[in-house]
Amino acid sequence: MAVLRTLLYLFVYPGLLFLFAYSTFCEWFDRKVFARLQNRMGPTHTGSFGLLQPIADFIKLLAKEDVVPAAADKGLFRVLPAFGLAVVSAAGLLLPVWNFDLAVPSFTSFQGDLIVLLYLLSLPTLIIFLAAWSSTNYFSSIGGARVLTMLFGYEVPLFLAVLSPAILAGSWRLAEIAAFYQAKPLLILPNLLAFAIAVVAVQAKLERCPFDIPHAETEIVGGTFTEFSGKKLALFRLMFDIEMVVSSGLLAAVFLGGFPGGALVGFAHLVVKTLFVIFLLSLIRALTSRIRIDQVVTLAWKYLAPLAVLQLLIIILLKGLLS
Amino acid sequence: MLKKLARWSRIKSPWILHLNSGACNACDIEIVAALTPRFDVERFGILLKATPRHADVLVASGPVTRQMRDRIIRIYEQTPDPKFVIAVGACAMSGCVYRGAYNILGGLDQVIPVNMYVPGCPARPDAIVDGVVKLLGKL
Amino acid sequence: MRIAAFLPELLRSLFKKPNTVDYPFKKLAVPEGFRGTPHLDPDMCIVCRACERDCPAEAIEITAVNEAEKRFRMVIHNDRCIHCGQCVDSCPTVPKAMRIDSLFEIADDSRHKMKEDWVYVRAVIKPKAPAPAPAGESPNA
Amino acid sequence: MKFQIPIGPQHPALKEPISLRMTVEGEVIVDADIRLGYNHRGVEKVAEEKNWTQNLYLSERICGICSHSHSTCYVQGVEKLMDIAPPPRGMYIRYLVSELERVHSHLLWLGVAGHEAGFDSFFMYTWRDREVVMDLLEMITGNRVHYAINAVGGVRRDLDDLQKAKVLEGVKILRERSVYYFRIGASEPSFVARIAGVGVLPLEKAVALCAVGPTARASGWARDVRKEDPYAVYGELEFDVPTADTCDVLGRVVVRVKELLESYKLIEQMIHKLPEGPIAAKVPRKAKPGEVVSRYEAPRGENLHYIKSNGTDKPERLKVRAPTLANYPATVEMLRSGFIADIPLIFAAIDPCICCAERAVVLTSARSGEESIVRLGDLRRQALERHQKAPLKRNAVWPF
Amino acid sequence: MTDAEIIDRLKADLGGKIVELTHPAPRRLFLKAAPGDLLAVTGTLRDKYGVVFLSTITGVDKGETFEIIYHFSTPEQDFNLRTELPRARPHVESISSLIPGAVLYERELQDMFGIVVDHIPDARRLVLSDDWPEGQYPLRKDWKHERPVEVIPGGES
């Protein structure tokens, strides 16, 4: 029974199958919302309401010719997309869904899984950098340098922002943090500032407008992915989609009280909360113009990081008051 | 079965690269206009891509100038298979008013194979959408 | 400066009907007088070649099939046509032998299919316009 | 690490082929060079083989965005050569279309500027509303882009009362929307951060490098052929020449939006003043021998056609100088010591119309006069110096 | 200043250097100078008449000679300064030392007519395309272009 449950967990929910299906749905949702915000339709004619659009994109890319540029580091170039996908999928397993028993640590929920999840979510950035570097194209190289530069910008505010609810809850375990806020929903409010910072940082992590600097098409063509085509591009796109789901799941778990109540109700919570976060991300994408790389760093260190520290201060004071 | 699936996906998700080989801009703005809310080609899963590596369909406009010839061939070769070319506008088809100019090699089909011709000077956005739809219908 | 200055407009469109016309399924109306593809009315053509001479894109070709019988062949190359309508303006007959309709969805996969030709006998109708080959720019289309 | 990146000829920021070679150090541009010739078609040679009527359509196809500008500039010259005066109603309709074209071109540019800055919603909205003016143009002329309304001696189509009313209605909507976009563009922080202080072209540089159009006007040089050399109907109408003194991309946005408002004013005046009468005059097939210089204020700046006739039905020489060409030296100047991210914006800010610039002649590997005198070493030093005392607000230094 | 005043002033200032001065339309002045006087006349125009803006330079092939027209303009007048060069030895002095923006048009001139611009600061060979043959100048009247044969792919249907 336990083996079956583990397999189910790994491959069906919230493992690979679910992540694939749900991430494509989320991409559709994101594209549709983005299009509707711009007063147009977005994908419509692929499946009903265009729901199958991301899947069609994925299959088409799989079926396309796969070009490896002559100058590229072939080993790295080939292996990185799969590696990136593996990393984000592994991160997806750590989301606190389907945890029936809080008291028992399992391989998916343990003290400190928040840190592991954050770490796993940082890896794709490095993978993208390596991928860009290994393709030895001017535009890719510039894109790669930009990826790393941005990493230094947004990672610290993100960690600090996620820290504050964890401190208030007094745990490094996602499931416990979620349970804490389920018990005291009002305490979500003091974390709103951190939530806002985290949303912005996640936007940067996902390289979406206004932070789509590494692959800004009007500046450096495809940027990091200029040389990737076919299967590899498909895997990278899927990686971004899953990363979007996992990071919005993380925000939902940490800031919005997680996904309580068994498989079905928990699933509903998951869908509603992640879609809410994704809606916010889409809104930011539609609202802003791309900023320059120096402006990202300025924004992160001048505004986001100090605000995150302020938030931490508030939380620590609050914790003192409460106890 | 797999082939059918691949064919379906190809029809449903044609990503385009806009290629200008010396056009007067008119077809280009109409191609861009096809992306904007009134025509919104994203309905058919069409996305404008920045690099030939990501593209399936090259949407080309303009007569081929001497200087662009090699670049067009290179871009065509960089596009991974299967790839399709749509020539938009009279210039890309035959060179139109520039026929006989010393720096023009003629229409696009003098340089690379073309799968669909969209007439017009410039082609209206609806004509371009019509051309794309006809191309997809032929796949 | 205002953060998220665009927000109200964006949110409004989220709940509004999109501006999109569902094109291939619902056609857009072209305005009256839209210049589409040119056509010939062979019964009216007096083979004055004004259209051939004034066509900027060499899209009209008139050749004699049989000089004695006064048979001519006119080819309109739609792949070269720039839809300017000058051929209609240049045409001296009344009513005009050249006309332009609003057809524009003629995309095809071969340029050979974009030729239209007519083989016809030269019309003997006397043009009612002052001269058979007036200035290329007759006022008012 | 210093290396050269090629922007173009095929590049998503450029809707037309041109090659910009950027020498960059990290993210900072230290040198820029423009190579043209990708869009060079040889229009001037072709023009010598076509007759006056055919050339009307050829000149229209020099450029797709300012198509009416080129054809009007050409037709003005031919009419002077043939010594005919088009009837006033024809003139009003011709310049009405030319103002509508300015509106479409500037709206297009606003959207493109948004797109280059990654502000896709802005792009989508401006282009959505641009369809209003496109519909008006299509209604009046019968085509969305190449209007072909000009004929030697007047215009080819008349305007009826219903169309007049529709134009006025469209202008009303557009005015409201333009003001709105101006507010958005000037208040969205991420957008302003991208355009303020970017691509600075001081007035003295603009004068020395012969910049034209909104590029020059945004540097505070109030040059407008419509005011200076009031051709045709412009002498009878009231309008201002907006300028800005910020000398940057923001200034160019401001100038263009203000010009939009001026154009709306002009369109309304033209509709109200539209005289009765014929729309075209009778013209001969041949022009008398002679030469003429015709100037016209296109949306991008001064357009100049030099036409020489030898008495036949074909021109002896047609020389076209499009505004974009005049702005290239200024662009190279502006690109220096910007960031890579600024390239598309700076380049877009002159509203480049590469096809115009290359119609026939030039294929310049344009480096403007002053720049090409200095050797590379000096160039680098200059760029560094300029960067150090740059008046731009660049508070963050490239971290690598 | 009105056109008449300008003409008088020009005659006084440049007297001998101007071979011909016509005034075909209001605001349009056509001056003609010998190739040797080009720099001097341009200098005078710039310094005394505020002519800083060069619209373009036109070249015309007149058979035996090449005519070059410099289109200057000020807010009041257009000055079109022309000069004629023998076809056998088409050399002209660069004016880019006076008007930096002129280089662009001078290179265009070199390219299309084979006119040699002396002391041009950027003398890189200007070709239409990278593979353009040496010594071919497309805008010369005696240069003819042979149309390539157009092969329409896909046979007659």
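Per-chain numbering from 1; labels A, B, C, D and E assigned in written order.
Simple rule for what comes next: contacts are C-beta pairs under 8 Å (C-beta built on N, C-alpha and C of every residue); 3 or more make two chains touch, one makes a residue touch a chain.
Computed from a predicted model, the values in this text were never measured in an experiment.
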Intersection of contact sets, subunit B vs subunit C, gives A, D, E
State the smallest step count from subunit A to subunit E, taking one step as a move to a touching chain. 2
Starting from the Cα centroid of subunit E, hunt down the chain whose centroid lies farthest away. A
With chain centres defined as mean CA positions, report which chain is farthest from subunit D. A
Taking each chain's centre as the mean of its CA atoms, how far is subunit C from subunit E in angstrom? 40
Gap in Å, rounded to a whole number, between the CA centres of subunit D and subunit C: 29
Separation of mean Cα positions, subunit D and subunit B [Å, integer]: 26
Residue numbers in subunit D touching 2 or more other chains? 12, 37, 40, 42, 45, 54, 57-58, 61, 121-122, 124-125, 128, 146, 188, 363
Give me the residue numbers in subunit C that touch at least two other chains, ranges are fine. 4, 6, 10, 18-20, 22, 56-57, 82-84, 110-111
Residues of subunit A engaged with two or more neighbouring chains: 35, 37-41, 44, 217-218, 221, 286-287
In contact, pair by pair, are chains A-B, A-C, A-D, B-C, B-D, B-E, C-D, C-E, D-E
Enumerate the contact residues on subunit B facing subunit D in the complex. 18-30, 32-33, 36-38, 48, 50-52, 62-63, 65-68, 71, 75, 96-98, 100-104, 121-122, 124
Subunit E-facing residues of subunit B, complex: 65-67, 94-95, 99-103, 105-107, 109-110, 113-114
Okay, in this complex, where on subunit D does subunit C touch? 50-58, 61, 121-122, 125, 128, 135, 138-139, 142-143, 146, 148, 151-154, 156-158, 180, 183-184, 187-189, 192, 278-285
Residues of subunit B defined as touching subunit A within the complex: 5-6, 8-10, 12-13, 15, 36-37, 40, 42-45, 49-51, 53-54, 56, 78, 80-82
For a test of understanding, state which residues of subunit A touch subunit D in their complex under the given definition. 37-40, 138-139, 142, 145-146, 149, 152, 209-210, 212-213, 216-221, 286-295, 297-298
